[in-house]
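For reference, chains read A, B, C and D in written order, and residue numbers begin at 1 within each chain.
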Amino acid sequence: MDYQAILNVIEKELENFHPGGKVPDYIPELSSVSPDKFGMHLYGISGGHYCFGDSEEKFSIQSISKVFTLALAKKIGKKIWRRVDVEPSGDPFNSLTQLEKEKGIPRNPFINAGSLVVADILITHLENPKKDLLDFVRLITNDQSIEYDFAVAASEKKHGYRNIALVNYMKALGNIDNDVDEILDFYFHQCSISMSTKQLAKAFMIFANEGRILETNERVLKPNSVKRINAIMQTCGFYDEAGEFSFRVGLPGKSGVGGGIVALHPQQYSVAVWSPLLNEKGNSEKGMRALEELTTLTGLSIF
Amino acid sequence: MDYQAILNVIEKELENFHPGGKVPDYIPELSSVSPDKFGMHLYGISGGHYCFGDSEEKFSIQSISKVFTLALAKKIGKKIWRRVDVEPSGDPFNSLTQLEKEKGIPRNPFINAGSLVVADILITHLENPKKDLLDFVRLITNDQSIEYDFAVAASEKKHGYRNIALVNYMKALGNIDNDVDEILDFYFHQCSISMSTKQLAKAFMIFANEGRILETNERVLKPNSVKRINAIMQTCGFYDEAGEFSFRVGLPGKSGVGGGIVALHPQQYSVAVWSPLLNEKGNSEKGMRALEELTTLTGLSIF
Amino acid sequence: MDYQAILNVIEKELENFHPGGKVPDYIPELSSVSPDKFGMHLYGISGGHYCFGDSEEKFSIQSISKVFTLALAKKIGKKIWRRVDVEPSGDPFNSLTQLEKEKGIPRNPFINAGSLVVADILITHLENPKKDLLDFVRLITNDQSIEYDFAVAASEKKHGYRNIALVNYMKALGNIDNDVDEILDFYFHQCSISMSTKQLAKAFMIFANEGRILETNERVLKPNSVKRINAIMQTCGFYDEAGEFSFRVGLPGKSGVGGGIVALHPQQYSVAVWSPLLNEKGNSEKGMRALEELTTLTGLSIF
Amino acid sequence: MDYQAILNVIEKELENFHPGGKVPDYIPELSSVSPDKFGMHLYGISGGHYCFGDSEEKFSIQSISKVFTLALAKKIGKKIWRRVDVEPSGDPFNSLTQLEKEKGIPRNPFINAGSLVVADILITHLENPKKDLLDFVRLITNDQSIEYDFAVAASEKKHGYRNIALVNYMKALGNIDNDVDEILDFYFHQCSISMSTKQLAKAFMIFANEGRILETNERVLKPNSVKRINAIMQTCGFYDEAGEFSFRVGLPGKSGVGGGIVALHPQQYSVAVWSPLLNEKGNSEKGMRALEELTTLTGLSIF
């Protein structure tokens, strides 16, 4: 069965699967998205594109952006592991308890606190961090149309009390160098990037392809950095449901509260899926099911 | 470079690596082991055996046994996921805090609390749980010489206050069915099993070979169970250093305080290493280095 | 208004107050007590006795015994403050989290963990700890009829998994010297002592009378020890409801899950009340109301 | 021995007591204070004033102000106990862990989070909260010279990351109504108030005198409110050293990181002491010693 046939099976099987979760309600831009949206895009290492549904519709990538900022920090060669750990958190993505216990060192770069520290590092080392991040995402996607959604960024800033708390708390504990408002501005923008599953699958191909852009063969990350980022996606990519995802899907990946999930099988493919309804852990329920079917039907997980 | 050449390089490179850790001192049987012991054994899916050093000397497998009991529970088809979760813990292997927070449901089957619940399940469903476990380990290793070390089991029982605390606490919270003393007796015995790296590599081949014993082709676990156990080894196999191991080595694996580590690359090989000095997280420091070298030199991690 | 008149008002006012709590159900001896029992006894420093209701019926004093063992430890002059702290806990009476965080040092002698350490100290220093405790309680009450309830002690032992967990955990952390079973046996016996509100009020007069038995003028505690014990009752006597009791009643006191509460006003009186229905914090709801009325009507709290 | 004689003894005894603590270093206004300052002032209910040392030198009252804002909230008759609890915290004064566990409800009004909620309540109900607070403090002290120290307030704002974190976190959890910047501005000002031990002793006389200003007999608080505030000072006035203070001193009181401590004996006296060196819990070490001597020498604690 080829990839397109497998995707067709998945689409068919999940046609009548209506998960019981909900769309996030904290900002109007996310709560107004139709819960019925569903799309999937797989990008094979041989260059093929396979898809169904709303695979070319853009949505807010939210926490998926944390992989981009981590990759950018590695690309510019910055040491980050003294300031962010690489262990799974065992706590929700925005917990302050663990930060307190561990004296301001976030457990990993994919919880909010960790990504705020990565933002701090980028701001220290880049001239135009917001522009540079966008350029990096456009580069690896080979698509100049990708943009921030300024309305989303503005809404997040208005309701981002918990992230404001996190960054100020780390500042109090000595793990933040730059101005907290500048970091928050960067962070709310990174989360607001709009991309389709097709664009996400293309962007994440660098992690399946040892750090090279498939179309151009340009190297953007060292193989060793890719191995590390994939390992962190495997153990930390799904908040406190990382084990469940690893258990059900068996691929490194990352989710966002916009309903997107990206995953990849090294040397085989990258894949993105979108369905806005979230389970109580904040991950797209239908998206997880789709990826579970994918590794079952291909018979290929990393395990 | 073939596997034996790679192992020779690792042996050579680590000849003068003397990690600063220490041998566990809580029972005489573990504390009296020479800290200089060092051995490694790799078992290829094509049937080849490669090794160096003290690879055939037996040592106490300790927490590595948790993989065997989990596999046995899956083999006899028992549901365990309502009573043990599959998430990384973010806390040390014997923490009571998380148990309290999560009302007696251990985070995963590889922390002590989780393995005690697995022991409880085996005791409920097996006639002779200690005999049956030993038979299972002998079966997958194809080696009838494997035994419990009764002196180790007795010493552990004498000093096992923390495990006694864990099982009584879960009993108080309603997640233990059987008599606590019977569970502890089983648990201290499972940890006391003595095996060499050669025997461990042979035993773990079932996880690299989709659930079949390589020599006999006998199926002992369903492929789906293997995938799940491997996923849990990936995210939870190294206490609160699972992320670090995933990051440095990139293979599913499991460590024990006896200084052993087992890991595997699906469809490629299983491998065990032994060096008694532990880092502060309780994992063999030299063992981790050896495995890190292995995936660097083979160029093959799962990522 | 004299004390008897005030007690009459309290009895009348609470006649139709039926709190919504429940009797503890973990052992038959406590769950079979009638929830309608209600009695109160006040013992004035001038020697007068005032009471109503079931004031002479014995019940299980449970955690009230923690004050007796602490007093006995101080009486025999033992240092305890390196092994037990004197701070309120902010957590339920049987929490393990705080113990883990604070490396086996209980927050205060009135949480279970703290009282188990006090038991350990008494066992180290007394020839016949169970007999000596009973003798001490009989002495200060001037009543030889006080006894352990062996059926209660046996039941508690049978269901005492959480206390077994606590003492083993502290043993693991190095804060327990004696055999855990001996400590638990002592602890379950101390909790099983049966006393009436009249006997309790008599016993606690030593804390209102600077350490002397009122009837005989015999000194059993130094004034400084009394001051300390009263201070601990004030801040730690009601599990994680100490602040609420201090706020509503304004007297040092101690409650037990048998439904009893004892309190005292230094230089004025000691008082005990009994009503078996407990609120969700484990304190007698009607007992707290009765004491609140008492300090309102007398116009005398310590504040 | 009269009060002045007792104070003279205390001054003499502590002349050569040089505690090993340190002056807070987070803002220049506090770190530049001479560590040798030492003064004490006792105000008797009969109207007498007794003092020694630097008793009329003003210093930053810091957390002592939390009692004033709580009193003002009670004075204007506002309900606060649904939004702030009255239990001791068992955690440091600025912990976020407990807030997370208890869903944004601070444990009591004397930890920072609790006082920020009290500030929020005052801002909701007062026209000019900063002016009204100052007027209230001037009223109960009968001293129009009391002022905010704007330099201190500005410095605190500049370094107040942890308080910014706390208020934003509670806002995220729904327990803050007003603009966070307005609350922080008020809070940093309340902490900046400068007062001498003489002024503090005068101000706190209302809590020893059932809510009336001693000099004018004007009632500013109901007796019941006074009883409650005293009870909270007793159980929560010294961060996670409340038990230790209760144990050593036996009076309701409140400390501040400016080195001041105020305490009171109902119907007897109010007293303030100032010595800038803080122990590791953030309380004035020499101040605690002075008060311990006071209750030992007077033979009068509330216990």
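Note that in this section a contact is a pair of C-beta atoms (placed from the backbone, for glycine too) under 8 Å apart; a residue touches a chain by one contact, two chains touch by 3 or more.
Worth saying up front: this structure is predicted, and the values here are computed from it rather than measured.
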{"item": "Both-way neighbours, i.e. chains that touch subunit C and touch subunit B", "value": "none"}
{"item": "Greatest separation from subunit B - chain, by CA centre", "value": "D"}
{"item": "Reference interface B-C: repeating pair among C-D, A-B or A-D with over half of contacts shared", "value": "A-D"}
{"item": "Whole-Å gap between the CA centroids of subunit A and subunit C", "value": "55"}
{"item": "Where subunit C and subunit D are represented by their mean Cα positions, the distance between them in whole Å", "value": "32"}
{"item": "Distance between the centres, which are taken as Cα means, of subunit D and subunit A, whole angstrom", "value": "47"}
{"item": "Residues of subunit B engaged with two or more neighbouring chains", "value": "none"}
{"item": "Chain-level touch network, classified as line, ring, star, complete or other", "value": "ring"}
{"item": "Chains grouped in pairs wherever the two touch, ordered by label", "value": "A-B, A-D, B-C, C-D"}
{"item": "Of subunit D, residues touching subunit A in the complex", "value": "95-97, 99-101, 161-162, 164-166, 168-169, 171-172, 180"}
{"item": "List of subunit C residues in touch with subunit D within their complex", "value": "85-91, 98, 107-108, 226-228, 230-232, 234-236, 240-244, 246-247, 250, 252, 266, 301-303"}
